[in-house]
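The next part holds the structures, each set out as structure tokens.
Below are two complexes that have subunit A in common, paired first with subunit B and then with subunit C.
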Partner chain A sequence: MTAVRQAGTLAGALGAILAAGLLAQGLAPYGVYLLSLWAVYTVAAIGLNLTLGYAGQISLAQAAFVGIGAYTTAILLPHGVPFGATLLAGAAISFALGVLLGFPALRVQGHYLAFVTLALTTLAFLVFRNESWLTGGVGGISHIARPAPFTSGRGYNLLCLGVLALVSFAVWWLLRSPWGRAFVALRENPVRAASLGVDVRAYTLLAFAIGAALGGVSGALYAPLVQYVEPSPFALAFSLSLLMMVVVGGSGSFLGPYVGALVAVLLPEWLRFLHDYYLVLYAALVILLLIAAPEGLVGLAAKGLRRRPQGHPAAEAKP
Partner chain B sequence: MSPVLEARELHRHFGGVKAVNGISFAVAEREILGVIGPNGSGKSTLFNCLLGQIAPSSGRVLLDGVDVTGLRPSELNRRGVSRTFQLLQVFPQLSVRENLILAGQEHVGGRIRRLFGRPDAGLGGAADHMMELFRLTHLSALLAGSLSYGQQKLLDAAMAFMAGPRLVLLDEPAGGVNLTLLGAFRERLRAMNAEAGATFVVIEHNMDFVMSLCSRVICIAEGRIIADGLPGEVRENPEVIEAYLGH
Partner chain C sequence: MRRNAVKLATVAGALMIAAVAAVAARHAIAAASPIKIAIPAELSGSGASVGTLWRDGVELAISDLNAKGGILGHPLVGTVYDTQTNPSVSRAVILKALDGHPYAVLGPVYSGSIQVDEPLTQKARIAEIMGGEAANLTTMGDPYIFRTSLGQAQTVPPVVDYLVKDLHAKRVGMIWVNDDYGKGGHSIFLADAKKAGLKVVADISSEAGQVSFAPDLLKLRAAHVDAVFVYLHEEENARLLKGMRQMGLKVPVVGGTTLIDAQTMKLAGSDANGVVSFSGLASGSPLPAVQDFVRRFEARFHVHPDHNALKGYMAVWMVKAGTEKMGKLDAHGLAAALHGMTIDPKTQPGILLPMHIFPNGDIDNGGFLIVTKNNAQHVIRVVPPAM
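Showing the complex of A and B:
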């Protein structure tokens, strides 16, 4: 990918965030809430895209990291800990757990790894539900205050979009650095990568840890947005939903999570008249999409944009 | 002066099969050693033992006199050992230039410095030079996966030289390369040997390629070395003729 195209993808992401900020000024509170939710989901999906899309390590644990971030903020905020510190704490705890989760990936791959990561989601859910002294159990934690001066819906929307913009820049920087190249090498051919000096062990752990940390950041934003956390949003279904966001948007595409999260937030609203049956339509659309365009919506759009006349095979090397 | 690479009594057994059965040899600096042998003779297993892909059942591998037996491939690479694979091993979703930068980037500074440094890790010039040497400049921006087999083979070889290795192990580099490219490919390898001072170990079935490139050849059959000498001597060795050439 050329530097120009890389800069283009960042500009596209920041443009979408700016557009969301402007749009929020003219929307009713529920619309503003949906845009904030989009920003929160996008941060989590960006993290999963890094782990899965770029480094090729499947993870069904992203919901657990979002939950850890959310509970960390919900627990620490009432003790007077500033929101920024709770966000960093949630990211740090998730990062550490992400490193631990990465170790099985050094041994198993594919659906075996998926099962290992699924176990973490289940374990985290059980902790959220059963450790009432800390998490409030099934009753959860309510009255989570939004940090000043972002207490209003619109104000908090700006905070969510601002954090998303920072995350976008940080991940863009990471992906254009040699680390990003090493992550892709890890996904495409770890044996060859190792023969070129790429420390497969270190980069695998980093891919899990950074992706998990972004899940923690997402959770830290989520708790004050809904002002109430309880275990059920962080169960396996949410991990699968985040996986869908990455796949539908375009796994391994920088803009994929933005589009995938938008679909995940808006589709239930557009299909509300179908009640719970919307999931059937959603599933059918996803299956059709994956048949027609396995590279996701962003890949589909890119293919359409760069469609050119056939007959440009690479020229033979001239010795 | 100790040899660049030394194998001492290497054994690798798979159950009752002795794939490598007590192989010892040394490779001197700037030498181009050819390794020949019929299919199933143990050449690739020997390579994998030397390169840390699999652990030998017994025996030692020494690099510049230092025991490196069992070191991981990435650690060996950072000590100056590079390789190509029998089957193509480029990164299809990266461009030709990015493949080359990737091949050298882990040798530049620390990991944190690489994160905050230049996207090309300061290797843009070196990648351009390597593309020039291997006649890949016109393909620089193309995805490696879109190249022809021969072009990917050239890229695969060029990647092995990006980190300025002391020792390069080439596993069937001539396989699948057309005759037009093959002569030029051999000359490039010779140039890398002469100019960069790299030492080569080459597994190859193409006898003309091996005999014209290598300064010394060993022949392996049933996990053992049956001949070791100048290319002409090995070619005329009756045991080699019987085991490998089959006439």
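Showing the complex of A and C:
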């Protein structure tokens, strides 16, 4: 039954990606771009969900890893390095930094860890801004070319969705493996996990580093999508936004990041008709949502589905 | 009796025809196809105060022009898009704006968003008249991008000239904010100061939002400078000026346009007395047309306009001037019409000062070397446009 449910979640994710791909074929460039942005943010949120939702570690460094991936691609692409190689390089650098940061940082937990990871975000921002010889400084790097044959908006949308599908499958496989079970065991009860022979430190580090690598993948997709990188989008506000995506979608839920990223990308756009008040209402809706469903939208939906069969017998009992 | 009835009927008929003609004339403008203006601006995020005033300036100009019959009889309709001061959102909104086939794009103001938008407006062959001042924005070879104010490369040299010729300074210090605005001003000042024979003995960078300038001012004092060149944002300017007074550091202060901005003067109070900078058109400019704009802007929006509001206002008048030069509505031809154009405020009053548009999209409309005194700007000398 669990295996069926797990296969169902993967099918749900792949179905959403397929639907996005089909939908993009009939949309104007604006809609296609939003769907691409959704795919990019979802990859980053999946990474953070591994760290937060499965390994239970609060990280505010995900924006830094996205930035590292974005700058790696923006810097290497003009030198003729193929996009696939820049994507892997961004993921590898983020993974390595995740290990380097995680090794000392994971000695602390909870909000202490959040502060340590916040320091990395600040440090990465300062490097992006001050090392002008490499990053272009505050002026950033513009006119980033998209890889052939994905140069058009629709073409690049397919690439983003394709990478998201690959990431979805890889993470689904990882979570079904003994590693994934160990991540969940760590989140639920680290002491009990250790007593069962799980190397708490190694697995926590691994979850953190894989989450960071996915941040790098997301960044590698971000740079040619926006075709411009500068330091400010990779500051603390973006880390908080990614954290919100995971929590709103459902932390620790496989489908949570997909839903959370959808809310973060599309809801403000839908509310634009409210002009000056659209972000106020967006913030209010998110707060109300978290009050009503602290387990996130996926948790709320699951709760709704669980309740429905219970209601039937009572209804049927009535004459 | 019958003749009187005929006369009465004739007069009544003539009146009716005149009334119908008047109503038709009034509604002719509404019947003509509207000119769609896209206004991407920073309405939230760190650039909100800047982008909001830009938008208001554009909207005031649209109202003014529509009240006078629009452009070539066509009314203007503006659609505002919030970039959230975020390049990825800016790309989304410019795509949305271009999906609506606008006649021109007016905005945004922050250089990051402009660099994201610029390839898209260029591809769509739509003129993008923006509020950015960073030096690199008009060096990208984009024939569809236009400024609405002087760039940093034009505003810094008159201040360097003042340092050399009026203050006879030899050793100067510089305090600048480490963002795109400050870095642009920093590199231009260093190059110009070197050319002018000035020795920059203290080169101090600071952060946007920095609260205390005490360590920076100690460095400045230790450097024994003849004057200090300040290139910060308004709030930081005020903190620095207050800090100088508290520390008893008395050296002439010159700097970027924000140093003499109304916001800086308001926050710094009497500590802003005597600071000198060069300004293109600013809300404090001593021109009746500018002061009339300020009065009307305050009456409508209940806030004091700054130079960003003026830039947004002039952007719409640039669209009008270019369109009237063509004599027809041609969105793809507007940019070419604007290049090399000199706009005279006698025919386009909203331009306020004669404006020349260079082939790269830079403009020159002259400016003023200004000293502040008692919360007001006083002109030291007028610098005419180099046309």
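Methods note: the second predicted complex is superposed on the first by the 296 of 319 C-alpha atoms of A that agree within 3 Å, B and C clash if a C-alpha of one lies under 4 Å from a C-alpha of the other, contacts with A are read in each partner's own complex, and residues count from 1 in each chain.
Simple rule for what comes next: a contact is a pair of C-beta atoms (placed from the backbone, for glycine too) under 8 Å apart; a residue touches a chain by one contact, two chains touch by 3 or more.
Just so we're clear, the structure is a prediction, and the values are computed from it rather than from any experiment.
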| Does the superposition put A:E188 against subunit B (first), subunit C (second), both, or neither? | first
| query | After superposition on the shared chain, which partner residues are touched by A:R306: those of subunit B (first), subunit C (second), both, or neither? | reply | neither
| message | Taking the superposition on A as described, I'd like to know which of subunit B and subunit C A:V200 touches: first, second, both or neither. | response | first
| message | By the touch definition at the top of the document, which applies to A:Q227: first (subunit B), second (subunit C), both, or neither? | response | second
| said: I'd like to know which partner A:G137 touches here: subunit B for first, subunit C for second, both or neither. | reply: second
| Which superposed partner A:R176 touches (first subunit B, second subunit C, both, neither) | first
| note | On subunit A, the footprints of subunit B and subunit C overlap at residues none
| Can you list the residues on subunit B that touch subunit A in the complex? | 51, 53, 72-74, 77-78, 82-83, 85, 89-95, 98, 101-103, 105-108, 111, 114-117, 119, 121, 134-136, 138-139, 141-142, 146-148, 150-151, 154, 159, 162-163, 180-181, 183-185
| remark: Per the touch rule, the subunit A residues reaching subunit B in their complex are 1-3, 174, 176-179, 181-182, 184-185, 188-189, 191-200, 202, 252, 313-319
| In the complex of these two chains, what residues of subunit C are touching subunit A? | 43-44, 46, 80-82, 84-88, 91-92, 95-96, 98-99, 111-112, 115-116, 119, 134, 136, 140, 178-180, 183
| field | Complex interface listing, subunit A residues touching subunit C | value | 28-30, 33-34, 37, 129-130, 132, 137-140, 142-143, 153, 222, 225-228, 230, 232-233, 269, 272, 275-276, 278-279
